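To start, I am sharing the structure in question, which I have written as structure tokens.
As written, the chain order gives the labels A, B, C and D, with residue 1 at the start of each chain.
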Amino acid sequence: MTFKISIVGASGYTGGELLRILKNHAEVEIIGVYGKTSTGKKITELHPHLTDLLDLTIKKPDYEKIGEKSDLVFTATPHATAMEFVPKILEFGAKVVDLSADYRLENVEIFEEYYTKHSSPEVESVYGLPELYRDEIKHANLVANPGCYPTAGILSLAPALTEGLVKRDPIIIDSKSGTSGAGAKPSEKLHHPVCAENLRAYNVTSHRHGPEIKQEAEKLAGGKVNTCFTPHLIPIIRGILNTTHTFLREPIDQKEVISPYRSFYKDEPFVRVLDKLPQTSAVRGSNFCDIGIRTSEKNNRTTIIAVIDNLVKGASGQAVQNMNLMLGLNEEKGLKQVPLRP
Amino acid sequence: MTFKISIVGASGYTGGELLRILKNHAEVEIIGVYGKTSTGKKITELHPHLTDLLDLTIKKPDYEKIGEKSDLVFTATPHATAMEFVPKILEFGAKVVDLSADYRLENVEIFEEYYTKHSSPEVESVYGLPELYRDEIKHANLVANPGCYPTAGILSLAPALTEGLVKRDPIIIDSKSGTSGAGAKPSEKLHHPVCAENLRAYNVTSHRHGPEIKQEAEKLAGGKVNTCFTPHLIPIIRGILNTTHTFLREPIDQKEVISPYRSFYKDEPFVRVLDKLPQTSAVRGSNFCDIGIRTSEKNNRTTIIAVIDNLVKGASGQAVQNMNLMLGLNEEKGLKQVPLRP
Amino acid sequence: MTFKISIVGASGYTGGELLRILKNHAEVEIIGVYGKTSTGKKITELHPHLTDLLDLTIKKPDYEKIGEKSDLVFTATPHATAMEFVPKILEFGAKVVDLSADYRLENVEIFEEYYTKHSSPEVESVYGLPELYRDEIKHANLVANPGCYPTAGILSLAPALTEGLVKRDPIIIDSKSGTSGAGAKPSEKLHHPVCAENLRAYNVTSHRHGPEIKQEAEKLAGGKVNTCFTPHLIPIIRGILNTTHTFLREPIDQKEVISPYRSFYKDEPFVRVLDKLPQTSAVRGSNFCDIGIRTSEKNNRTTIIAVIDNLVKGASGQAVQNMNLMLGLNEEKGLKQVPLRP
Amino acid sequence: MTFKISIVGASGYTGGELLRILKNHAEVEIIGVYGKTSTGKKITELHPHLTDLLDLTIKKPDYEKIGEKSDLVFTATPHATAMEFVPKILEFGAKVVDLSADYRLENVEIFEEYYTKHSSPEVESVYGLPELYRDEIKHANLVANPGCYPTAGILSLAPALTEGLVKRDPIIIDSKSGTSGAGAKPSEKLHHPVCAENLRAYNVTSHRHGPEIKQEAEKLAGGKVNTCFTPHLIPIIRGILNTTHTFLREPIDQKEVISPYRSFYKDEPFVRVLDKLPQTSAVRGSNFCDIGIRTSEKNNRTTIIAVIDNLVKGASGQAVQNMNLMLGLNEEKGLKQVPLRP
């Protein structure tokens, strides 16, 4: 038996990545791909690497039918789009993994400050980070798949905040992302001659992933946490490297910091705690998050470095991990791709 | 039942890529990895992306034992190395796929002109391009895995030369390769500040893949062919794009050129003949060779563009394809990775 | 005394590059920059590297006044645009260097086949390649600045065709260009996640620079030449590498080919004939064209490699070189930038 | 009259960059280039972009003669090398700009903790950051040219610490550098297939530029400052982007932070304080440092972003700026290159 899967929003990078992963997932069948701007297009026009592999045409969505016929629906649409139709899909019986930000923030006021008016704030969702919310995800009808920066950021902080190893103020999260995180739509900032051989920070104090990280950090710490998030655009295609600068509460040495990280993640299939410093190429194309830590006895600073592939663990891989949990499948199913390096 | 596989030369990029592919190949077991310069090292020190995935340590090779215990051995050593020990491995009962150039050239004089004195020219081998020699490969004990440029070059020419569509003189093969093709050893030419944002040709008239392409082109054509091969180094990691400039024997139109290509490759699992022009990113990390063709009525020129991932179809993927054939397995086993794009 | 210079079309890359070069040119003054889509914008909004260096605002062009007030006008507008207003500028007294293709092709039918209807084919122009037409340029009122690919292509062929060293059929020009050659307008092909780590050919038999190269090659050879031009897009920002595949008429050795190249270019300030193979990084940011040659005794093939910075010798640097000649200035004035490497 | 300049250590990137800059400096003459490992080599073998521009051969150094004949000597040798011979050069009458770290740290114990035993700690030097020490530099015989990261780091902090705008603990300096900063010697970390499309932090708590930044920050603040420096390797060739995370002492708004930066740098020829966020490509090949600032009212954090070309303002450009000051020349002489963008 296979589960019936639909994808709404299949023309972007997270849509393409869902197709890449699900193509080799033996227990699901993609029964439909939907979109508005690209209705009628072959999936291979948009994703040429899928030529001869998937013969699908993008259809105009009818959310009732999608909800009725699907066991689970991925919504990979721009922010403030899914919230319009997710309630209908749920109503007609399908589970949903939403890859947009629409259901990530628990406080609707904060959502509306950073995004826009929310049209369905009453819908219940679970924040889809399996390492923190595995049980809730298993029983959820709607999972809000985390943002790419928050995935790396929260996995970096979870053991430290849970164990109370580091001070809650300040926590500096200096993030570097490849360009695929900005999506498939051409723009001046992502134009190759502008973007290659160039470094820049952007949305320095105002990026929308800031409150998402803060929300989860505070739940982990059980109180206020002063997370300061700054994203940078780096001319590589895939990969996020998060450098989280924290300060120890008590002077302990590096091993005493790494050890609780190993314990926290010891049964996690997709988190690797390293002795060495991590690098994005070692997780490319895979669902891994690699974490390395360095402390300094001189000033008790502890620097936590985490890397993910922003399109996999930072988006579509994590979405499939959530799907597996929601459908009662082996969590690693379809996600065993070995990273592609060099 | 699984087949027992050994790898001699596991520290380089083709060795790492064999490990990446075989990790998810259900019908083989890697029983040993061997090397001289890196004896005693964990495979994950050399290939950090394999952390937690493969727990193997590189051992000093004992070729008798390797030959005795293995069903098949991959030799991924530098040129002029495998020829010293492949005869012994064969003698003790294992089949061999040699990823070096040692057994590719049928004429030992040409080998010795381009490489060095050959120590075991008497050993029989099959040239491991499944699209041309599938049946011979199935029954071979030793397969000479083709070079990266020749793989793209010969697949570009096979239908045209077999069908006599193009003139045999001249055939200009202008090749562009990513940097992983030059191997894992640091050098000035591949030093990032020198290599990035730079274009250069190299070994313009003297590259060792020239005679390999010529050998196969002449077998296809059944006579002399004037292939002129020129390689270029391009600052991308993976990917070869071969532009083969030929001239039609008779003025036929583009469709009449593409059509025999489609026929020739219609049952091939890893060759995709496109209407559009190919691009390397659409085959990245996969075993595909994508081919596109353009002709001009003005001067009867026909330009054949082929792309491969030099480490997969150009090396380790093709080696596993050969292994599958030699062991009687499904040819696509372990090679269904969807290309990684973007 | 300084000459008064205007630039029509200052928002693109060739416009920005003119500003970069002219900023340090002691004998000219930029009296106005003009454009339609960016009227009213500060030049530094479009070209942030010019901050604090040039305080200019883009104005709506009045071609009569521009012609009246300027000694020389650069037109760096899209193709089929300059031809509408260049006659007026000339009429009102200014000289013009047109960086578009509008006046490059002598045969208006060929222009109209590859571009569009020409509105002022009667205007006389000189093809602005100083190495071939220095004297004519000195006396010209309108110089058609060559295309980037043709600059590299023609400089590669000029000595060989003039001296009759190589056969005229076929001449294969396989060109590789960085992305800045495609201009400043964002598009899917130049979107960083699509373009980086990717190789592709484009417009394989139909690129507009094909007939431009052919025109000049035939003038050099004094008869028909079968030039076959194929461009490729390479993920570097600046640089063209042209690989020109030719065949010797008589079997001569490599030195006998290089020697006439050295003679031909011995007094040229911007052409360097190398013993080694050239590389684009060695000309980055400069007006140099570096040329290297390799021949093979085996089949008399001669491969000529030329590199330029497509925005300098391939566009704006050559335009300033032409300006210097037209205004009676030292040809190298403003163009002595040392290449930027690494 | 021109000044006589010698360069000891001309084979590396900072040596090449000195040659590039000085080639167009009208008031100096390069009378000799010296080195040990590359004695006898033509400068153009090492720096192919200088072909036809500089005809110099690297000689074995005789420090007495160098000191006697030169007005000023640049020492661009590896750390712990210059300290062996700089005293002799000074003794024989030449001024010295040392591009290594040998004379940057005032506290010899800290030098010896991070580098090695110092052989000439008694020699007096001035820290060569003109924006802070212009007058001292004018009268110095030995200038210690700052490190690349410290240049960006200290220029980011100088106004804030001088004016007491931000708290002294903690100050997080998260730095991203292109690969040319690591020098010309090939290594695994800088091998293109490893380095391209990859992000990593390195020497997270132990980098040698940490104490250099701290030394200058404490002098600016007049007391202890807790600077926490973390460098990252980014796959671009040139460029450093420093993100300095600080916290305001009093809640003031963004304009009130930017305004003292503008005042502090208003007469500086090479520091541009921007309204927008800076980007490395806007300073490429130039001696500029661009600075942008963002504050958040929510938590009083102030993020200061600075960019430089690590080989120019971060090394050889600043060295020439220091030379100009030491020789009584116009500080901008030879340094008016417009940044190369795109």
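Criterion: a contact is a pair of C-beta atoms (placed from the backbone, for glycine too) under 8 Å apart; a residue touches a chain by one contact, two chains touch by 3 or more.
For reference, the UniProt names are A, B, C, D = N-acetyl-gamma-glutamyl-phosphate reductase.
Treat the numbers as computed from the prediction; the structure is a model and nothing was measured.
Of all chains, D has its CA centroid at the greatest distance from the CA centroid of subunit B.
Between C-D and A-C, more C-beta contact pairs join the chains of C-D. The mean-CA centres of subunit A and subunit C are about 46 angstrom from one another, to the nearest whole unit. Our note on geometry: subunit B versus subunit C, Cα centroid distance of 39 Å, whole angstroms.
Between subunit C and subunit D the centroid-to-centroid distance comes to 36 Å (mean Cα coordinates, whole Å).
Within subunit A, contacts with two or more other chains are made by residues 13, 178, 180, 184, 193, 196-197, 235-238, 279, 281, 284, 342. Touching subunit D in their complex are the following residues of subunit B: 13, 178-180, 184-188, 190-193, 195-197, 235-237.
Subunit D contributes residues 13, 16, 20, 23-24, 47-53, 180, 184, 196-197, 237-238, 272, 274, 276, 279, 281-286, 290, 336-342 to its touches with subunit C in the complex. Looking at the complex, you find that subunit C touches subunit B at residues 170, 172, 174, 176, 178, 193-194, 196-202, 204-206, 226, 228, 230, 232, 234-239, 241, 243, 245, 247, 277-281, 284, 294-296, 298-299, 301, 303, 305, 307, 342.
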